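Look at the two complexes coming up: chain A is in both, with chain B in one and chain C in the other.
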Partner chain A sequence: MNMWQKIKPYVYVLPAVLMLVMLFLGGILQGLLQSVGVYVASSTYSLSFEAYRSVLLSEDFWNSLTYSLTIASTSTIVSMWIGTMMAFATYYLSLRVSGGTKIKSVIRLQQLPLLLPHIAVAYMFFLLFTQSGWISRLSYSLGWIEQIDQFPILVHDPYGWSIIFTYVWKEVPFIFLLVYPVLLRLEPSWMQMARVHGASIRQYFFTIFSLLLPSVLTSGYIVFAFTFTAFEVPYLLGVTYPKHIAVLSYQYYSSGGFDFREEALAVNILLVIITAVLGLLILRSLKKLQWHVRGARW
Partner chain B sequence: MNRKWFIACSLFFVMVVLTACSTKDDLEEDMTLLDQSWEEIVAKADSSTVTMYMWGGSESINRYMDDYVAPAMQERYGVTFKRVPVSDTKDVLTQLLAEKKAGATGNADIIWINGENFKSTKEEGLLWQPFADKIPNVNRYMDLDSKALFTDFGMDTEGLEVPWGKAQFVFIYDSEKVTSPPKSMEELKQWVMDNPGRFTYPAPPDFHGSAFIRHVLYETTGGYENYDVALNEDALKDDVQPMWDYLNEIEPYLWREGKTYPESASKLDTLFAGGEVWMTMAYDPAKASNEVMNGNFPTTTKTFVLEQGTLTNSHYLSIPFNAPNKAAAMVAINFLVSPEAQIRKSDPTYWGEGMVLDASLLEADDVQRIMEIEQARGDITLSEEELSSHQVPEIRAEYVPYLEKEWFEHVAKN
Partner chain C sequence: MLKKNKYTLWVVSLSFVLLFIVCIPFVPLILMSFSVHWSWPDLFPSGYDLRAWEYVFLSNTSIWNAVWMTVVIAFVVTFINILLSIPAANAIARFKWKGKAWIELLFYAPLIVPPLITSMGIYLDFLRYGLIGTVTGVILAHIAPTLPYMIRALVISFQTLSFDWENQAATLGANGWQRLRYVVIPHLVPGLIVGCSLSMLVSFSQYIVTLLIGSGKVQTIPVLMFPYISGGDQAIGSVFIMVYTIMTLLSLFFMQFILTFYYRRKGIPL
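The block that comes next holds the complex of A and B.
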């Protein structure tokens, strides 16, 4: 019985771990092998890095990479900023307004976008912001623009505005979700004390910001990893050239028979590497931060 | 309690692993299926489930499958018909390829393919045995010598797939905004230049965009006959230059000045429905009628074909190598090419697409029904006569990916 008590937690996580290992790590391994021309199941072992060479030498890849990195970092930074601000504002509100239910409904309202899948939101933004979309039509019927063509191009635009809008709208609540609990752990009296000593709200925010930083960075990293590699939103809202990196990989994978399989998987493996390196960098800076924070007896 | 959970979880994983491994016996059983009589095959299919993976992007086609085919299969053969919608048939092929590599039983009993997809499935050995001559309705009602039916983008079907329908490319326009539609690519160019921003085409490799550029190829380089030879990329380079010139000449006058193209035909349809562009295209002559009927397109919508003809192809039903229920797949395919199902399919209230059966082999009642449907069709869909007198055959399958790739280099990146 004692033995069982000991292994119980491991057994409980076993299904999740197995799933993760089989589907996630297995998938990556499979992709890695196939990108170098090794197909275990059909015993084809022609090891070659040709796919990586051709991808890294292609101009399309670098254009797509720059485009995707720009969109992902813009979306991430804007989401991090707005999400943190909203969390702080809600926290501030919760100190001033008595009655928990009001704050709870404010929080619930902010969580609303989490309920919708990305693809639905992308389509919603398309319907809203395209030149023949609802907002354009509304402005036309209100006489703000003379023709629907005058509505600014926000969907399928070369800068990816609609993709960034979609991501920001979706990810702000996510950042909020991870940052708000940290704020709740602060002593409410700190703020009063800071105010008594003449600190403005802004000064107070910047003082406590270092305490928020670990969760802001972690959630930001998750957002970045997602927006950098996800397919459906840029597919629906992107431009023909340059393609988002995930769309480029999909195009390699699905067009022209099975000729570009290796290239598609090489692109994906490169994405994994970039994301992993970034993750390690953030992890390292977090460790430093935590040491710092622990030093401050947090 | 905890122990039970543990056991249940372990069993689940063992089951997953086992189901992924047990295939060898099934394959041998399949081999003998083709030696059996049709009655035995029908009996074997009884009270089983057949799964068809098919492109799910058309409401009217889905309605035909769900409201007509599925109940009829249940009633007549006791077969439960399951339709699995996919957004791109290539996804199914990817899945089959993975299953082939892993040696696993599949889920799909029937797939809906043609052209490039037929070529890759055939080359990768993803299709089952030649079974077409086993299907009674193929032998009884189809013109077995027809090249249009049994040559798929220049490839002999070899009995690996059964023709299911004939499609033709048409342009769709709003007659309120376009008074006299162009009749050739040259006239289309003029029209596009006179109406900047009102035309575009889906970016290849979208199926419709790819078909559109093939029309340009035919008309700017002198007909489809030039391309009925094996693909030689180097020799072709100069020959196809007029096509890139044409596409680049119209580009500044396209929607968004050609800086971007709709990624799919459905997006182009949305732009057309919203009035942002004034033309769209379909590889289905009756699509416009259906869209008008469903209230998606304006009632002033009309269709046109080019004087020199538009592309026609047949599309096919096939059985994957690892289909779990091949007997029922054959029964379902036989039903789908029966006169009853084919006539119902040609009805615009369902799908409104050309039949693959030879009218001269049909019974008098059926011919009568075809005439009635033809008359009730309205003026949005062109008449069978108008369509069939303006047809050009599809290019060989190997040209398709080549043109799509080159389009990206020559047109999209400019």
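The block that comes next holds the complex of A and C.
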């Protein structure tokens, strides 16, 4: 009985662990091995770092990396900012307005983007922001522009504007979803107390912000990892050069038979390393923060 | 009283801004799908017809197969996720054991590493086992990116399920299966619905992984429509996106409906 109690949790997680070890870790490990020329299945062990050398020496890779990092960090920071502001504004108003239904409808409404697949949103934003798109037509009707080429190029452009718009529209509700419950755990009396002592709403927000920081950072990191490595949205809205890093990897992978397969896998492994290092950094700063917060008896 | 009105005004204006931002992307999509001639700078098409809809539904009969394929894959993936996640989430939420942090890291890692990366790595193995170009292969490829959502949703549910309830049921003579059926599962229903919705949504969203592992033979909606939306007739592209969006929303509302139905039957106020 005691023995069973001890091994019970391990038995419980076993099926899910096996599945992820095979399909997920196996995928990463095989990618890693094959990127250095080790093919376990066909017993080919010609260990070489040629693929990494050629990737790291190619200008295309660095241009793609910069392009993807810029788009991902811009989308993430903007989404985190708007999402947190939205959450705080909703929380603040919910304390002020009697009757929860109005607030609930606000929350429901802004959650709609979460329910749509990224591909659909990307296409909607293409129709909205392309040079002959609806915003351009709207600008003409309002007399802001007279010719089609006066409208800025926002789709297939070198800065990835439409990609950023798509991600922000899609991810703000996600940040909201993870930050809002933390706000609900705050004592409403804290705000009254702060107000009594003459703090402005802004001061109150910055005071409680450190309590929100774990969920803001975690959700922001998930958004960053997703926007940094996702394929579909940049493939639909991105520019031909530089290609988004996931698009570049897939292009290496699928073009010219197996010639650039190892390069593609090398790019993938580098992406995993970059995201993992960033994750560790965030984890460490969160640990420090938790000490700080625990000191405040949260 | 006056002060109260000020905040209500804020809520109302916030709702309107939100309504505008959330709804405006749908406007050109819907117009475009029915448009006849729509040249710049007209704000609205000069005429409306069903040409693009007819093209997608009549001259292209594979659309219903693709809808069916997409939904079946999502359902099977979600069902497998339920079976894997109920025990796993239980162990994560309610037991103390060595190595838990590492296993949790493994469970949530697919949120961070996208399925395209793992699929490229595992491609040769799938090829060896004859899984490339099969529905089974695609289902397996969809499990890793969807599983973390199911586990997370169920962990939250399990955290509020006390062992006392199960023990009490055991004292009253319920066997293991009865405790699962009448105590554990009912408590998990809300979490299950959230997990299922997210799992299906993520499965619906996969394009490149389905294309790679299905090698074009497994025609889900994203695979079928991608050539039309990455260039070509915008009216037809818009119809595909509308079908895709409606299919997704209907599936999610169906899930929501089950939840509401469940709560009503239990007499739990919403």
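Everything below uses one rule, namely that the second predicted complex is superposed on the first by the 275 of 298 C-alpha atoms of A that agree within 3 Å, B and C clash if a C-alpha of one lies under 4 Å from a C-alpha of the other, contacts with A are read in each partner's own complex, and residues count from 1 in each chain.
One rule holds for everything that comes next: contacts are C-beta pairs under 8 Å (C-beta built on N, C-alpha and C of every residue); 3 or more make two chains touch, one makes a residue touch a chain.
None of the values given here were measured: they were computed from a predicted structure.
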Based on the superposition on chain A, does the combination of chain B and chain C result in a clash or a fit? clash
Partner, of chain C and chain B, that touches more residues belonging to chain A: C
Name the contact category of A:39: first (chain B only), second (chain C only), both, or neither. both
Tell me which partner A:251 touches in the superposition: chain B (first), chain C (second), both or neither. first
Looking at A:132, would you say it contacts chain B, chain C, both, or neither? Reply first, second, both or neither. both
Which of the two partners, first being chain B and second being chain C, lies in contact with A:186: first, second, both, or neither? neither
Mind working out whether A:26 is in touch with chain B, chain C, both or neither, as first, second, both or neither? second
First (chain B), second (chain C), both or neither: which does A:238 touch? first
Quick one: is A:4 in contact with chain B, with chain C, with both, or with neither? Answer first, second, both or neither. first
Please work out whether A:194 is in contact with chain B alone, chain C alone, both, or neither, and reply first, second, both or neither. neither
Quick check on the superposed pair: does A:282 touch chain B, chain C, both, or neither? Answer first, second, both or neither. neither
Clash-wise, after the superposition, say which stretch of chain B runs into chain C: 96-104, 132-140 or 276-284. 96-104
Would you tell me the residues on chain A in contact with chain B in one complex that are also in contact with chain C in the other? 8, 11, 15, 39, 41, 132-133, 148, 235-236, 253
If we count contacts the way the header does, which residues on chain A are in touch with chain C in the complex? 6, 8-13, 15-17, 19-21, 23-32, 34, 39, 41, 89-90, 93, 96-98, 102-103, 105-106, 109-110, 112-113, 115-121, 123-125, 127-128, 132-134, 136-138, 140-141, 148, 169, 221-222, 225-226, 229-232, 235-236, 246, 249-250, 253, 264-265, 268, 271-272, 275-276, 279
Quick check: in the complex, which residue numbers of chain C touch chain A? 4, 7-8, 10-12, 14-15, 18-19, 21-22, 24-29, 31-32, 40-43, 83-85, 87-88, 90-92, 95, 97, 100, 103, 106-107, 109-114, 116-122, 124-125, 128, 140-141, 143-144, 147, 151, 201, 204-205, 207-208, 222, 226, 229-230, 234, 237-238, 241, 244-245, 248-249, 252
For the complex, give me every residue of chain A touching chain B. 4, 8, 11, 14-15, 18, 39, 41-42, 60, 130-133, 148-149, 153, 156-158, 235-236, 238-241, 251, 253-259
Chain A partner contacts - residues on chain B that touch it in the complex: 2-3, 5-6, 9, 12-13, 88, 90-91, 94, 97, 100-103, 116, 119-120, 123-124, 197, 203, 205, 256, 259-263, 271, 274-276, 401-402, 404-405, 408, 412-413
